[in-house]
Amino acid sequence: MTATSARLDPPLLEVAALGRAFGPRRAVSNVSFSLRQGECLALFGPNGAGKTTLLRVLAGLLKPSAGNARLSGMELPGGPAARARVGLISHHTMLYEALTGRENVRFAARLHGITDQSRVDAALDRMAMLPRADTPVRSLSRGMQQRISIARAMVHSPRLVLADEPYNGLDESGARSLTSLLRALREAGTAIILVTHNLHEGLALATHAAIMKSGSFIRFDRKDAIDSTRYAERYRESLGASV
Amino acid sequence: MVRAIAFTPLELRQGAAQKIFYIHVPAAWVAFLAFALVAVASAVFLWLRDQRLDRFAESSAEVGVVFTTVVLITGPLWAKPIWGTYWAWWDVRLVSTLFLWFIYVAYIVLRGAIESPELRARYSAVLGILGAMLIPFIHLSVYLFATLHPLPIVAKASKPSLPGEMLLTLFVSLAAFTLLYIAFVRARYVYATERDRIAAAEVVDA
Amino acid sequence: MRSIRPGTRSDIANPWAPVSEVVAAAWVIARKDLAIEFRTRTAFLSSVVFALLGLVIFYYAWDPTAVSAIDLAPGVLWVIFTFSGLLGLNRSFSVESADHAIDGLLASPVSRESIFIGKALANLVFVAAVQVVAMPALAIFYNLPLIEIAVPLLGVATLAAIGLVAVGTLFSAMAANTRLAELLLPILALPFFVPIVMAAAQATSRLLSGRPVAEASSWIKLLLAYDLIFAVACTLAYAHTIED
């Protein structure tokens, strides 16, 4: 694998003392980590921990109120060049219901300057949505909508994928498509931050794991240092201990 | 204390209708001043993002709308005996004040419709600036309307030159109203600060 | 910072590259909005029906012996233009909030200005499309020789539409994020529409009375100044309405 050579490259994403407050409420505070190409950070934590806010800052939707984050050396939120390298998947589908799946993905592609139709088809195909691509999104099931949404997020071949509870709403076959897609991306050198409540799925894909609570990382481990069988216990402990 | 100063000039015997002048004009001065300050505070807020500027804008707007209402009520009361009509669509200042009132109301309604303090501050600031940009256009539109239309024969609304005594009274009134404005805005600002402090404490405790 | 779209040559030598990219991105967004509107058509049909009904109601509301159609028409036309425009503006940003689609737009490389201009362009096409129905209807219902003043009238209509859409798109973006969005939009926007309606109606009235275009010129210049100032101001203000 490319593990050894990856270690010699500079990190793709560097986050230093990142904070984001909404008025008096600190949603994210003092988060630091770095991620190299091909690494996947599984991010766990209770609701309201700040995971979504963290991802939104990294996606360029929010400005940090403290600290900074750099993607390939570009300070986030960066301009168009930085946003072109990031793909955001959320539990909201971010789709236009009146349009078809294909039109939604094509629109996303055009926003990135991509006019090549085959990339649109390939993105849809990776999520096994090609057969239903010409149905208006509103007629699709939640799981299929989520698959279209994932295709939309990947059509521009981002270097960093931010996935906020992407398994939400997916049925088994959708979940399998997603896992194999994420794995393939990781092997091709894409960095991934995966927020999920599913410890098992998360750890299966991860190279690093973090637990977030009240805006900060209370644990950060390399995957090979984790005993997966005991991680669930550790997770509960960490949450209980940090009250 | 401030109010005593305001009321003494009004006792000068100048004729009942004329006395309204001493309320109408200073109220108009404050109404426009208040909005100019809202606009400036809005612009600086968008630049510095200091919440205090938003609270000031909020306070100035609420005080300003009251003064504007006073202008719009005293205006027709003064106009009827002098011009023979309650409302004058050719009068640039009166119509501009009416639109100032519309913008104040829009500003206050907008603030009322938004829960999140950050969003409310940003949206209000945008409206504050755009509203200030609208007034010159209203002014120009009414002016064009008045000059390009054959006017009914009416005493022009321009001020006759005032004898010294009346002028002095006017200035004292202006000063008094300005002091009133400052007093009201200060009080309102203190209220806004307290309210925000309590709301913030609740959020943190939650 | 110069924006570089992946897969394209960076045009360092061409100082207009960022502008053409803003326009290109805006056009992509406008087409998407128009595709959605075309797919559902409800807002467009409602606006058209509203405009036509308005023409009818206004006619019957006036005493035809006291007021001639030619006196009534300009006011009616532009008032209806404004209110049917509001119907269209309402839906402009509501499509984006449904599934947080706006996040998809904001996370993409297109600039905030492009998003605004794209939405405004779509609204402009919408308003123009309603006018394409309403104006001939006016000519027919009120028996007016609009064809004779077609060119200057189109000029006035274009300027009026640009002003309406510039301010309307911005306020609909704001109203979409509040409670009572449909009620708030008129309260915010109507004061701003007054100079547009006034100027357009006055200019149309002059044109209909057979006066030379020059007499309407002050009003047309007012519209032009309004458009320039508010188009720029609203495009810049849009970025401030987005949370970041």
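By written order: A, B and C. Residues from 1 in each chain.
In this text, a residue touches a chain if its C-beta (ideal position, glycine included) is under 8 Å from a C-beta of that chain, and two chains touch if they have at least 3 such contacts.
Given the structure is predicted, the values throughout are model-derived calculations rather than measurements.
S.K.: Shared touching chains for chain A and chain C?
M.R.: B
S.K.: Looking at chain pairs A-B and B-C, which one is connected by more C-beta pairs in contact?
M.R.: Contact tally favours B-C.
S.K.: From chain C, which chain is the farthest off, judged by mean CA positions?
M.R.: Most remote chain from chain C, centroid-wise, comes out as A.
S.K.: Which one of the chains is closest to the middle, using the mean of its C-alpha atoms?
M.R.: C
S.K.: Cα centroid separation between chain A and chain C, in whole Å?
M.R.: Averaging C-alpha atoms per chain gives centres 38 Å apart.
S.K.: How many angstrom lie between the CA centroids of chain A and chain B, rounded to a whole number?
M.R.: Here chain A and chain B have centroids separated by 51 Å.
S.K.: CA centre of chain B versus CA centre of chain C: separation in Å?
M.R.: Here chain B and chain C have centroids separated by 30 Å.
S.K.: Multi-chain contacts in chain B: which residues touch at least two other chains?
M.R.: 118 - these are the residues of chain B that touch more than one other chain.
S.K.: Can you tell me which residues of chain C touch two or more of the remaining chains?
M.R.: 243
S.K.: Where on chain C does chain A make contact in their complex?
M.R.: 1, 3-8, 25, 28-29, 32, 35-36, 39-40, 95, 98-101, 103-111, 243-244
S.K.: Would you pull the chain C residues touching chain B in the complex into a rising list?
M.R.: Answer in residue numbers: 167, 170, 174, 177-180, 184, 187-188, 190-192, 194-195, 198-199, 202, 218-219, 222, 225-226, 229-230, 233-234, 237, 240-241, 243.
S.K.: Please output the residues of chain B touching chain C within their complex, sorted ascending.
M.R.: For chain B paired with chain C, touching residues are 46, 99, 102-103, 105-106, 109-110, 113-114, 118-119, 122-123, 125-127, 129-131, 133-134, 137-138, 140-141, 144-145, 148.
S.K.: What part of chain B is in contact with chain A in the complex they form?
M.R.: Checking each residue of chain B against chain A gives 51, 117-118, 200-201, 203-204.
S.K.: Write out the stretch or stretches of chain A touching chain B in their complex.
M.R.: Those residues of chain A that touch chain B are 22-25.
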